[in-house]
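Both of the next two complexes hold subunit A, though its partner changes from subunit B to subunit C.
Take a look at the complex of A and B:
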């Protein structure tokens, strides 16, 4: 009896609890899909938000609101004044930074707001824009809405093509990792209906100071990602071949200590998708593999030299050496040891198949 | 002194596994990684193993003492000091458990407020939660044990969800191993021990175990499982966050969940935190049960009468704690008390009781 009485006592209290927190009904809020930031005069920023408006039997319509303010949260607040429904960040997928903003002012303060917000996932994509973010968000791409289109574009390129793994957590991890610097993809608007992945932006203390172009991204991915896929065109005298890397892995080894010497072993397993020459004999296949190896060694070496010159380290050589050395001093590393670091690239290409044609 | 507990109120020895494990796992799991990494950096996983080992030794001591005194903590003290002094000493423990309950509940509410609903009222949530706790405790010790059982089994799936982070992890973060001094690693072990206390409840529910000798094995298994869970989580966390990033996250375990993406749920934290309610439920039930039993024995009041008063104390306590600083202070005080009680007081007590036993049996012989 007493148990039942106790239980009955509890029931009305549940109703009390319902009234405790603010309700957010999906139909009555604006779920931001994407957000873009651009540089305005005197250290101020322009924020552009993108949210879909769903209608019956139609693709979602992209709605855009813009405001100018000094920090991110106040951008949202200013935008709020133009919006009929409350703005919610829980379904964000992409954050875009205009070119001027990411090269001049840096994006750290803006990213901080995202890692602080419990509603924003760590899997969202950060990307820089060749142009302004506002311009890109104003286009009309795909049938799923702009933000979803851009997110899927990046997603697909990470999984199948030559864009290294990237998202908010990757960016933060690289940023906080001593002996590593972050990078994010760069996109570009080519027409009102099309955007493309145009490269990778490399950071130094929150600002982009270098960009890797589209055609070199394959080698960049080989260096920074443990496993990668992607396509590369190899040219020899007998003709050009498009080789698709099916499986690849890289391995670091500390081979010298004074000065530090790191050997990077890059193993690629590929198939030939296309060959412009007459006949694909085993000898030619071997030549192609050899040429591919040379390309890898050359391009990767070029990258490493460039990174050392600009004092950035997206590959994480500093982090790698730290894991191999006791009492590692990171300041000394950046000041004296990294510029002198010797890197050796040892590629190993195996071509396994050449398609269904003999 | 020792009241005999009827057999139908006792629990079978294997359930001690769930009681000990569920009491050790609580809100601490959500944020211990940052705290232990402060002294020993990413060598702190060694500290977890050391702390786990220490707990095994302490629990072994507890069983020895309980067997000698044949009863609970009060019986141990009575054995040594006599009735009056035992009661006075043990009443400090009432304060400790009330503080512990307050700290656990308030920490959980804080997490809900920060991560999900900033508008949640501490008082109302606390009231409903404590009513549920009272309802469970009124069911008797066996019901409390049942809650502990489910709180271990039902959220078990969460352990596997942490594997979502592996594609974004770098396990070389922990290299080189032993880059910190032994002193730092031991300091981290001490920090770790704040998170794994709770097994001292054994000193209270011992008379309720059907075949105490047989339960030893299960108690140690429970501790080993707790140590494993913390160890696993620490490895996952250390691989996912670089050290400087971990230092910025107050609840790394929750931040880990932010990477989980499932087609049917956008933010897993909402499910995880709601589930955590089930994990802290036995924490509070068992702590309040212990303190109410102690109150009953010391002040000779009915457990049923004492409980609502104690719950009210907790409710007032959580309502008074508003800022992060205040919550932290109370948590730290409770943690320190738990540490000194378990790892300093219990060993001393153990030595004293061994000597007393020697002296008395010697006295009997002559």
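Take a look at the complex of A and C:
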């Protein structure tokens, strides 16, 4: 009996604790799906949030609120003043940064807020915008809402096409990793109902200083991502072929130490999806593979040179060397060793299938 | 104590006093006869409600009136009945009368009397099990008569080792309680415990085996039943063979099985009639159903109130639109629907069968649809609650299914208070409780905890009979092996 009495005495104590928990009933909150930041004059920024208003048997309506603030983190608070329900960040899918903002001011301080918010998952997409973020969010894409549309667009391009894996987690990991610089995808509004993936933005200390265009992204993905799918067009004399990589892997090897020399082996297994020439003989297939290898080597070398010039390292050569070299000094690396780094690309293309009808 | 007021309940009762007390009842009958052949005057005393007058008229009276009846001892010879006793003990007098015996006294002999039994058999026929209905398998269920019930079990275990012990329980009801076990298989400790607990019962009227359950349970404050009750004689026979103890109470169509474990409450006896793959699947379905039934509404309340992050994007629209017009927070909405279901069930249970079913179905559909249309509850929750109710009915043992329905409410309240953390807290409470719970001193959560890998053969899944070589480990049976697996070799083809 005493046990029961003690237990009953405990129950009121439970109720005292209840006040400590904050309640967020799902229909009484505004769930931000996307947020965009743009540059305004004098270091101020414009924040745009997008939340869906769900309708019965209809696609959700995109609702947009905008506020301008000097301190970046107060943007959300300013927007809160326009909203009837509390704004919560737990269902966020994408964060967009306007072109001007990401090239002039940098996005680090903004990203920092997301990394500290426990409601924000590490899988959200960061993307930079060719144009302003507000413009992009104001469109009307897809039937699942704008933010969901953009997030799904990035998602499927990562999984099936030639966009390297990217999200908040990767961005931060690359940023904090010594000898590596982050990159995020870039999107562009092409009409009120369409948005496209236009490239990859490369960062140096929080600012975008270079972009890789859509058509070169395949090679970029080969360099930075372990497994990649994606399509590439290879041209030889007898015709053009669209080769789809179904499996690829890359492998780094430190082959020299003074100056540092890194050999990158890139293996690609591909199938020919389309060929414009007359007949696809095994000989032509071999030629195509050879040409593909040349393309890979050329484009990748070009990238590496470009990265070295701009003093960025999205591939993470610095990080790789650090894992192989005992006396690695990151300052010395950036100042002297990275510009002198020799990179050798060794592509190996296998074409496994060329279609069934002979 | 109240019963001390009745003079006939006194230990040292006098014949006259008993007579005086009994003559107040209208069914107390005393008739005086004269045997014309021997000129003996004798008197028959009986309770007319308990006695089959046909036996008296057809079997007892003709020899008594016309036979060679000189002395009381002669009755043994002349009466064509099996149970005739001559005794001097007045103590037994009252008890015998109420057991349906007829008292025969001779004029002039005061200290000696004779009894013969003429019980009226009032019992319904053995019928189809209603609570534990099976599609396959035997369709006999226990009835209220203990003799009939024991007969059903004896038939299935025709061995001398099956021991039926009897005890009388209840100062007023004098209920016969039988303890059944198989000598040489059942652990004596278990039998002793049961015997002692039953003899320790202090209560005036035991009218059903459920009384016994509540009185001999290890923890009487637990919502979980610790003795399995069944109305199937085949199940009782099967568990006796496993080495458990069965308790049969006169007047109750439910036998008790002890010691038992939690998983046994989720095994239907039909599991043994089906192929092991099917029955294992059905058991897993049942376990899933229970978990689902207990957790689905609490999880709904918790996620909608606290953890919107957990809801998939595509489901969000559905949930938000279905909830937007509802004026209540999720917890009230959930409680409202849960209580509606409870009401329907309770009303259905109290009403006659046919009406009850109709009320249940019609009420469920009409009330559910109407409350969604009126905007009192969201249709998503309605689906969940209805599914949860449906799932709770899959528990084969009725008492356990009631418990399942009850423990949903603490989960709901905890979910409202602290979200998923609260559900975890409630789960921890129940888990701790279950871990501490014992059935006849044997752990209730066995074979999950303490882990007994061999007993898992017949727990969450049921392995084929060829794998069931051992009796459950936790019973500490005297004969741990059911059969020697060496002798049960695989059948060979005839031409091999």
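FYI, the second predicted complex is superposed on the first by the 358 of 358 C-alpha atoms of A that agree within 3 Å, B and C clash if a C-alpha of one lies under 4 Å from a C-alpha of the other, contacts with A are read in each partner's own complex, and residues count from 1 in each chain.
Here is the rule we go by: a contact is a pair of C-beta atoms (placed from the backbone, for glycine too) under 8 Å apart; a residue touches a chain by one contact, two chains touch by 3 or more.
From a predicted model like this one, the values you see are computed outputs, not experimental measurements.
Applying the stated contact rule after C-alpha superposition, one finds that A:148 touches subunit C and leaves subunit B untouched.
Using the contact criterion defined above for the overlaid structures, shared-chain residue A:11 touches neither subunit B nor subunit C, since it reaches no partner. In the superposition on chain A, A:176 makes contact with subunit B only, not with subunit C.
In the superposition on chain A, A:119 contacts both subunit B and subunit C. By the touch criterion defined above, A:323 lies against subunit B but remains apart from subunit C after alignment on the C-alpha atoms of chain A.
When subunit A is checked against subunit B and against subunit C, the one touching more of its residues turns out to be B. Of the two partner chains placed around the shared chain by superposition, subunit B is the only one that A:165 touches, whereas subunit C remains out of contact.
In the superposition on chain A, A:56 contacts subunit C only, with no contact to subunit B. In the superposed pair of complexes, A:84 makes contact with neither subunit B nor subunit C. Applying the stated touch rule to the two superposed structures, the overlap between the subunit B and subunit C interfaces on subunit A comprises residues 14, 17, 21, 90-91, 119, 121. Those residues of subunit A that touch subunit C in the shared complex are 4, 14-15, 17-18, 21, 23-27, 29, 31, 33, 52, 54-56, 60, 88, 90-91, 93, 119, 121, 144, 148. Across the interface of their complex, subunit A is touched by residues 114-117, 119-121, 124-125, 127-128, 131-132, 134-135, 138-139, 167-168, 170, 172-173, 175-176, 179, 240-245, 248, 254-255, 258-259, 261, 266-267, 269 of subunit B. Interface of subunit C with subunit A (complex): residues 221, 303-306, 308-309, 311, 313-314, 316-317, 319-321, 323-324, 326, 329-330, 417-419.
Those residues of subunit A that touch subunit B in the shared complex are 2-3, 6-7, 9-10, 13-14, 16-17, 20-22, 90-91, 115, 118-123, 165, 167, 169-170, 172-173, 175-178, 319-320, 323-327.
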